[in-house]
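Paired with subunit B in one complex and with subunit C in the other, subunit A is shared by the two complexes that follow.
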Partner chain A sequence: MRHMTLALAATALATALSFGGAEAKTLVVGVADNLTTLDPANANDTLSGGAARTMLQGLYGFDSKMQLEPLLATSYETNAEATEFTFHLRKGVKFHDGTDFNAEAVKINIDRVRDTKVPTKRQSLVSMVDRVEVIDDYTVKVVTKEPFGAMVNNLAHAGLFMISPAAIAKYGKDIDRNPVGTGPFMFKKWSGDLFETVKNPNYWREGYPKVDGVTFKSVPENGSRIAMLQAGEAGFVYPLPSELAPVVSANQKLEVVKVPSIIIRYVAMNTMKKPFDDPRVREALNYAVDKNAFCKVVYGGFCKPAEGPVPELLKYSGVVQKGGWPYDPAKAKALLKEAGYPNGFETEMFAKNNSTYIRAMQFLQQQFAQVGVKLTVTPLEAGVEAQRIWSVAEPKDATVQTQYGGWSASTGDIDWALRPLFYGKGFPPKLFNVAYYKSEATDSGIEAGIATGDSAKRQSEYDAVQKQIWKDAPWIFLTVDDFLVGQAKGLTGAFAAPDGGLNFEKAEFK
Partner chain B sequence: MLNYLIRRIVGIVPVILVIALLVFLFVHMLPGDPARLVAGPEATLADVENVRRSLGLDRPIWEQFGLFLWNAVRGDFGYSLKTRIPVVEEIGLRLMPTVWLTVCAMAWATVFGLLIGVASAVKRGRWPDYVGMFVAVSGISFPAFWLGLLLIDLFSVRLGWLPTGGFESAKSLIMPSFTLGLGVAAVMARFTRSAFIEISREDYIRTAHAKGARARVVVWKHTLRNALIPVITMVGLQFGFLLGGSIVVETVFSWPGLGRLLVDSVAYRDYPVIQAEILLFSLEFILINLTVDVLYAVANPEIRFK
Partner chain C sequence: MSDAAVIASPGVRSPLREFWRRLRRRKVALGSAGVLLLLVLSAVFAPWVAPYDPTAADYLNILSPPSAAHWAGTDAFGRDILSRIIWGGRISLAVGFLSVSIGGVVGIALGLIAGFYGRWLDSLIMRSSDVMLAFPGILLAIGVIAILGPGIDNVIYAVAVFSVPVFARLVRGSTLALKNAPYVDAARAIGVKNRWLMLRHILPGTLPSVIVYFSMRVGTSILTAAALSFIGLGAQPPSPEWGAMLADGRSFIGVASHVTFYPGMAIFVTVLAFNLLGDGLRDALDPKLKNV
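Then we have the complex of A and B:
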């Protein structure tokens, strides 16, 4: 009897091992949320964009450092006014259904996203496009209504991934459940919290893909997601919460990868309201917060002080102040006194209601208290947040005094980090300038920066804008996140880009 | 009996209608603009307006309710605002995993809860009672997320016997149903014990003993049967609650259940999904109540329907 049990156990073990071997070729990715759609033009979450990236591709993409990388286009030219962009397309590429990828396909795709009759969530990426011209089979020209220097970045966004024109015609609105692209993997199944793809045997990049497929499993509980990695059920998990990083590093078969991000953390101060209409008060609060301590307390040390109003990995960003805004509570007190608040004042802070945001606000509350500012912390549920911050029609009706938030400019271009947050014409509900900050110099710089295709000119405009914003201090400039990925040792080529976009094109088990 | 059943079933219709109206109103009273939430964090005002138009949220509210009711009668609950998948499909995908989990958890919890409860009551004040109640109190006090993670660490990470989560095979059911059932088993044991003790003090039990019935017959036939009435009520209620999905267990074990769907939909203001789910839960509760009433008669033939 005992022998039989042993034999059974051995068989079971052998079966388990052989299954393990067979499955090792499909990369299983553990993620925190469910996908919302497979049509990236209608996705507003980075995760759905990442899932789509396994199957679909844009003219350009982003590498692991958020730099533009040619995919379905091989090169482009632009005119000096940044109104015409001519793309030379990769030849011999076919969609998964056999349809040829060519200039006509590009035109159909861009026109689909900018069509105002069938609105998509990412329409604003191409709302400035006037027309798309097919020059020849492999050359296409995008003409904008007004100068727009960030066009190539916008077209590299997941929202402009190319989908087979035949599939668009066939599936119509249901294209969001039947994605057909040119990517390294082909769609197999999406149901609830499971999304599966299989290898595209005719992929255009020689020698790729190296794995048989990519499967996304959504596992909301952090501990369970890490357990998947530990148990060998997943090869890659994202995000890895910082408090669980030691568990993963302690395991010989796993590793933690730290990715510097383009996510900036800040407190916006309503510059139209007292006391924040006084720049000295805003500067004082910048001095009042120890950014390194903020990093340790709130993000487990996985971030660093912001050295400008824009994360440095974004194109055209620059360091305004090395090491970030200095921590100097004595100076903060002196500035508050100078501004007429020798005993400080009371104020309120809004933020999302998740535990990290609440921890951040509590930390700030403690820091403000050191300089005599009494802060009331008000976490807002998503719907309430939308109502109290983002849907307020007139600046005078805004109740927000300060807001703790974060921003990731998913186009990888500085314009989308400046215009939504600092442009005088971008107050809510239009965009997200919740500091209600308006400066002539900043506005004209933002306008001039986008109105040219000349990199040097854009750089000089944006340098000036960033210095101006830092000087005006509509925000408390806090930190830029690092995020963490947990993965099996021996997995290479899989990465999360600085915007959190997942990329498995070159994933390989070694 | 049949008449009674038919009357009860017909009575469900107005109840459901009232619930539908209430749910619709409550859901629309939630603060926050669903169009903005659906459009997402980076959406411009123009994007938000596009979304509002495409979802029909720009129409008057009574028109939206009328449309909702008319479609619901025909079994069409519309599309999820979040995934654009038909609501019926979204819920259908998660209904069976939830039912499976509930049935498994309730089955073992009921059996073990009853046994522990009876053993504790019969051996009142002696060691089986102390052990039984110790287990019961621990079962209630164990936080499910902690127990769940502990099980995962032991059986998936260290031993590699069971999958960490998801619903792919019968094996996937073991840890979640154990975690979910533990609290129920504990409550059940305590309930059974106290009901049993109360009944065993009744005159007719003394009479049964006096007329010389064997102890086993008195325990299982006379006492337990009568003690079952409150227990059945409790099982019914628990069953109803669990069918609504358990957020904690579903989260820890990545179980594709209804609880998480509801929480996600509320956060996202996914009206169609919230409405359909709450209607479904109401219907489940009504049916369970009906079943419980019928079971009363089975347990105690003195109960008659009028």
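Then we have the complex of A and C:
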């Protein structure tokens, strides 16, 4: 018996090894964290959504440029007020358990996520939905309570992936361990740091999937994750820390893929506190920071200066200033003098306490010093940060002077990049406007932008809002990140979207 | 004759000369002392010795390997690592000396009192020391930092606190032995007051063991302070403290190992030198090891 087990193990090992080579058929993905759930409606993290994406799909999805791409719906129409969205569904699609995908399934899924009795973590994505109407088998209409122009984007989020109604009925709460979708791969096993799927032979997209399965392995230690890639144990590794990128590039069998992201880096300045209540001071600090040097020092060169308050890849974003806010320390000094601070001033900066953030703050400290501003750097542990910044009930009690941070709008729509951070009614603890920035023009623009489904109208509202924010400068607008992915040469079709969402639908070894 | 080395009496070599005669023969200890002297001098004269400003960033020249212009290379901000190590030496050496001095003074005082008066005072002080000794040093230091808050000043107090009990115990032991020595009895007989007795007649006798322990302890303190800075509790950026430099550089270890190598070497060499010097001092000061 023991010999048999050994023989089996040897065979398994041999199989595993052959998968590691050039003729590999299962794609192994090395990631940094464990998955939290396989029910994306209850996932807070982008990674779990990415794992679910191998098996489950939404009506729409995002391509590698964060643009909407039809998946289970083929097209949609909306009324002028942006309150009614009619989706035409793809025909002949079946869930992995054989259940038909149809309008009824869509209704059951949306209703599941927006159900207030059994709240899901992603309920806010569809909280504005009033009702879902089944028009016929392949047509479904979503009606919202108030105009909401970003509806299709919200439905494209991982939280609204479609799950087999039969499986929802059968597994109930345990659906997070028994996902049944329409995707290119079917669930096999999930335990701790290992998640495995196998090819779906009946996948609706002709000719796909090209690999036999996708396996996720969670390896938190950066070095070990890169070692897996080097040893051929993994074919795709995300994230790849910028300081280790040269190690991967140096290997002939591997390549580093740079992904422009929708993550913006900024310093929010508390506009209610002296000296940041003076716009000249805020402008001065924008002039004081060399964004290109920031990229180089903090992110190993893998980012670029922010050209507006919103990352360029988001829909309706616009370039406010080509090349970003110019670096001009002389002008910064002049502005500070004009504002009554000829000798600068002292201030404090909060941020998370990971090593990249600390490096960023040190860099800013050096840049501020050039114009006479003495910066004290205070890295905060996540719990302390929540207490000092995000739980402060009254703006006047806020102790934050400046905060270094980052933001990723994972619905791919500009509303979620503006409202949480610049809306006058979005001060902590409600949302994340830590600059305590309030402007009539910005607020009304944000409200008007979401109140219509008309692209041209949204575009013009958001253009004005972005210009206004840039002019008011509640932030030091720093950079937009590039992600790094390490992968085996010859792997195509696998990608991390600009929000960090992983996608392996069209993965192929060549 | 054997006791004559401790208390100077006419006709024999003074204790200092005797000490020097023995230390002179320990080449390793002398070498270590030389290294330490060099470190101290470079720290004291840092503004003149260091080739660059330790905080001056050069973004065109980041993470460059050692070269003629930058002997130890540059770090993630393009700062000269050698200059930072030299300036960092000020911090590390100061933390080492100050913390052990504070701990030493308090510990010696407590040890003298405990040993000299005995009874309940002795029990109180020694049992408190035992409690403190039960904690690993670094854990106790982290506890102190947790109360006082992060910062290099607080690291000094934290390291001082865990140096106290060892000094106290050491001095108490010597005091117990010395307080019944004939010369102390003699001094007491002619009416010397307790305080004078402790300071003038007993304290000097305890010094050999204190000096040995002091030199070794400075090394340990530098290591502890670096460890505390490494985990973010000690020196804050942009301080060139050695442990903080290690923490700064650790993410680059795969691509630019010099960023961690040189500060690591600085810590290693300094701590080793203090320990070797301590070994040599012990051999030179121990009266039992006469004429070896």
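To be clear about the criterion, the second predicted complex is superposed on the first by the 487 of 510 C-alpha atoms of A that agree within 3 Å, B and C clash if a C-alpha of one lies under 4 Å from a C-alpha of the other, contacts with A are read in each partner's own complex, and residues count from 1 in each chain.
As a convention for this text, contacts are C-beta pairs under 8 Å (C-beta built on N, C-alpha and C of every residue); 3 or more make two chains touch, one makes a residue touch a chain.
What you see is a predicted model, and the numbers here were worked out from it, not measured in a lab.
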### Simultaneous placement of subunit C and subunit B on subunit A, clash or fit
fit
### Message
By the touch definition at the top of the document, which applies to A:D45: first (subunit B), second (subunit C), both, or neither?
### Response
first
### Message
In the overlaid three-chain picture, which partner chain does A:W390 touch, first (subunit B) or second (subunit C), both, or neither?
### Response
first
### Task
Once the structures are superposed on A, label A:S75 by its partner contacts, choosing first (subunit B), second (subunit C), both or neither.
neither
### Query
Touching A:G223, do we find subunit B (first), subunit C (second), both, or neither?
both
### Message
For A:N343 in the superposed arrangement: first (subunit B), second (subunit C), both or neither?
### Response
neither
### Query
For A:F363, is the partner it touches subunit B (first), subunit C (second), both, or none of the two (neither)?
second
### Task
For A:S191, select first, second, both or neither according to whether it touches subunit B, subunit C, the two together, or no partner.
first
### Query
Between subunit B (first) and subunit C (second), which does A:Q252 come into contact with in this model arrangement: first, second, both, or neither?
neither
### Query
Taking C-alpha centres, what angle do subunit B and subunit C open up at subunit A, rounded to the nearest 10 degrees?
40
### Query
Given the superposition on chain A, which partner contacts more residues in subunit A: subunit B or subunit C?
B
### Message
Contacts for A:K121 in the overlay, against subunit B (first) and subunit C (second): which applies, first, second, both or neither?
### Response
first
### Query
Rounded to the nearest angstrom, what is the minimum C-alpha distance from subunit B to subunit C in the superposition?
9
### Message
Quick check on the output: what are the common subunit A residues between the subunit B footprint and the subunit C footprint?
### Response
223
### Task
In the complex, go through subunit C and note every residue touching subunit A.
55, 57, 59, 62, 76-78, 232, 236-238, 247-248, 250-252, 254-255
### Query
In the complex of these two chains, what residues of subunit A are touching subunit C?
223, 226, 241, 243-244, 246-247, 290, 293, 296-297, 353, 355-356, 358-359, 361-363, 365-366, 377, 379
#### Entry: In the complex, subunit A residues that touch subunit B
16, 34-37, 42, 44-45, 116, 118-124, 127, 173, 176-177, 191-194, 217-221, 223-224, 227-228, 230-233, 381-387, 390-391, 410, 420, 429-431
### Task
Quick one: which bits of subunit B touch subunit A in the complex? Just the residue numbers, please.
30-34, 36-48, 50-51, 53-54, 82-85, 93-94, 145, 148-149, 152-153, 156-157, 160, 163-166, 251-254, 256, 260, 264, 267-269
